[in-house]
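The two complexes that follow have chain A in common; it is paired with chain B in the first and with chain C in the second.
On to the complex of A and B.
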């Protein structure tokens, strides 16, 4: 399944931040949705600003245009405002990207659990994200921090409880 | 089981058994990861052995195969251990369910007992007796009220009843005297026969 690029991607001015406020707003919105859908497609959960500049999203080799680091920062900041991104360090070089909110992930996981009649069962985090049973589920391969967040979201809803043990964590669904 | 308990907020719904299950499952996960590692290694070594054979280094290849064989055995062992762990987990889960069943039965039993306390046998006897008395009393009242009809009246009533029933009998239509028309031996078969007649070819084919 190849990724479908939006039309703007082959439009050179798209790679330069526009001075006009209105245009810029639209441009940023397009960048945000492009970044999110690309990450969703590639199942990326963390991004590095430096690396991002080299990734195909921000660097279109065909038309020889790339988004500058500053512009990437602006896009990321926009994503952060929308709640899809979180910085991992103060210097804003690495970030967590959430193309699906923790609550949504939690919902997906809980649906799977209840569909398989495993409410009231205990799971290890590894089992959920890497187990054979979840192979065909969307949350297979979910990174641990994201998994934990979604489980925490479920916990506040009272649908799950996270169990901490000396080596690793587990979760029980209700 | 030597597990250090994590933070405890709110009344937790995680039981001791859940923790035990989690620990078992964690062990299983570790074994699974180990298994993955070994499987990958085996694959690599097989390729390497092939390469060595191609290069004419037979002894080295043999050595490698020996190592591979040993790892194969390890893999089998881990497989067994995993299934052991899984069986244990299932046993615990089932025991938990059984516990819940027993709890349920206990609640039911208590409830039944409480209800029985309310309805003691003496009470039931007393109530039944009283009911019987009441029925008797009612019958007496009925008798007294019905007593307004004399024996004569009763006879008249009976006669009228008989007249009515007889009158009905007379009005019944006469039983036909001629014998019944011929009926096929097994009436249920008739529709089937008709069907057969309609599709003789099919029957022939079937035959």
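On to the complex of A and C.
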């Protein structure tokens, strides 16, 4: 399945940070959604600002435009404000990208659990992300830190409890 | 060199020393004269050269012998020179250091500089021709009395008197210099009137003649003159002056503004106004101050300052919405535009074209693409 680029992607001004406040807001919104949908498509969980500049998202070779590092940081900062991104270091060179926020993931997992009537059962984290049962689910292959966060989110809602097991962590759903 | 005569080095009765300069070598034409380096003195009547060490060796030439003179700039290892071209030798000339010379010009080579001031003073003397008014041969003169002062007053009073005389003389020189200028200005006024009458004639005939570009251009040029420019002299200084100036600007700028699509950069206005005023030039500051008065005087013009600091004069009727709309139309039509392209399209200056695009961007109608190829504006599709 090939990624479908939004119309803005071939619009040269999209790659220049707009000085007009209103225009910029719309532009940033478009960037945020493009970044997230691209990461979701490629199942990316971490991004490096320098590497990102070379990736097709921020570098449109066809129209010979690329977003500057400064502008990328502005976009990332915008994503952070929306809760879709977390910086991994102080210098803001690497970041975790959450194209689904932990709560959303938690919801998906819980839906799957209740659909299959497995409330009150205990799972290992590996089972959830890599087990045969979840193969057709979206959260299959979810990175462990992300999975843990989603479960933590569920835990605060009282829908799950994370338990420590001998060789890792497990979770019980309520 | 053969024009020089031996001299005793003393000034005559009515002769005054103007300037002297050390370290000057004489050249007979292009060749170095067989004289050492010396002092050159310029008096109201003569050019005198005296040997630095041997004060007995002193030669002079009458200023009236000079046809013209010119400067010769210094080069590497070469001092600056003044070339003086001289009239042919008069047959009854007194003896001098040279009996004969193949050159009709001499050069003063300034080893210790000072040529600029010397050249200036020489020019002054040559234009004033003071030797004609008070010939040296005339023993007593009542008009100027350096020698009277010399005989009557000694000490501080004498010095004071001398200074006073000098001051009077400079005053006279200055006013003489300005006399010419005011005459020129009177002429300029006549010229403006003439140009006006021609302009009106052309205008009258414009119905018969086809819309010929050259005629339009001519009438435009000629209509630029201002017969009675508002000046500080006529209207004093301060606010009143600026008000009057603003009114005059309002009259004269209407036509050019309409022709340029209702807007002109202040620099352009400045050039136009000063060309029209001819002699009575305006300072940029006065122009800005006058332009600031447009609004309070309810004139149909406005001074507008863009965010970038660029100042323009525009017609009041010149609406911003229209301007933005036209910018948007143009950009939409072409897909995208740089300010240069837009300027060409509208026949505006690039600066103003850019301001318009920026304004449209500010209002959210356009957006920009800032790439290595330059700044382009696109319709705002966001």
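Here, the second predicted complex is superposed on the first by the 171 of 174 C-alpha atoms of A that agree within 3 Å, B and C clash if a C-alpha of one lies under 4 Å from a C-alpha of the other, contacts with A are read in each partner's own complex, and residues count from 1 in each chain.
Definition applied: a residue touches a chain if its C-beta (ideal position, glycine included) is under 8 Å from a C-beta of that chain, and two chains touch if they have at least 3 such contacts.
Not measured: the values here are computed from a predicted model.
Participant: In the overlaid three-chain picture, which partner chain does A:122 touch, first (chain B) or second (chain C), both, or neither?
Facilitator: First partner only.
Participant: Look at A:5 in the shared chain and tell me whether it touches chain B only, chain C only, both, or neither; answer first, second, both or neither.
Facilitator: In the superposition, A:5 contacts neither chain B nor chain C.
Participant: Considering only the touch criterion stated at the top, classify A:167 as touching first (chain B), second (chain C), both, or neither.
Facilitator: In the superposition, A:167 contacts chain B only.
Participant: Going by the contact rule set out at the top, does A:65 touch chain B (first), chain C (second), both, or neither?
Facilitator: A:65: touches chain C, not chain B.
Participant: Touch test for A:30: chain B only (first), chain C only (second), both, or neither?
Facilitator: second
Participant: Figure out whether A:19 sits in contact with chain B (first) or chain C (second), or with both, or with neither.
Facilitator: In the superposition, A:19 touches chain C alone.
Participant: In the superposed arrangement, does A:87 touch chain B (first), chain C (second), both or neither?
Facilitator: A:87 contacts neither chain B nor chain C.
Participant: Under the touch definition given earlier, write down the residues of chain A that touch chain B in their complex.
Facilitator: 121-124, 126-127, 161, 163-168, 170, 172, 174
Participant: Under the stated contact criterion, what part of chain C meets chain A in this complex?
Facilitator: 336, 361-362, 364, 367-371, 376, 378, 380-382
Participant: Give every residue of chain A touching chain C within the complex, in rising order.
Facilitator: 7-8, 11-13, 15-16, 18-20, 22-23, 26-27, 30, 64-65
Participant: Tell me, which parts of chain B touch chain A in their complex?
Facilitator: 3-4, 6-7, 12-14, 18-19, 21-23, 25-26, 29, 33, 93
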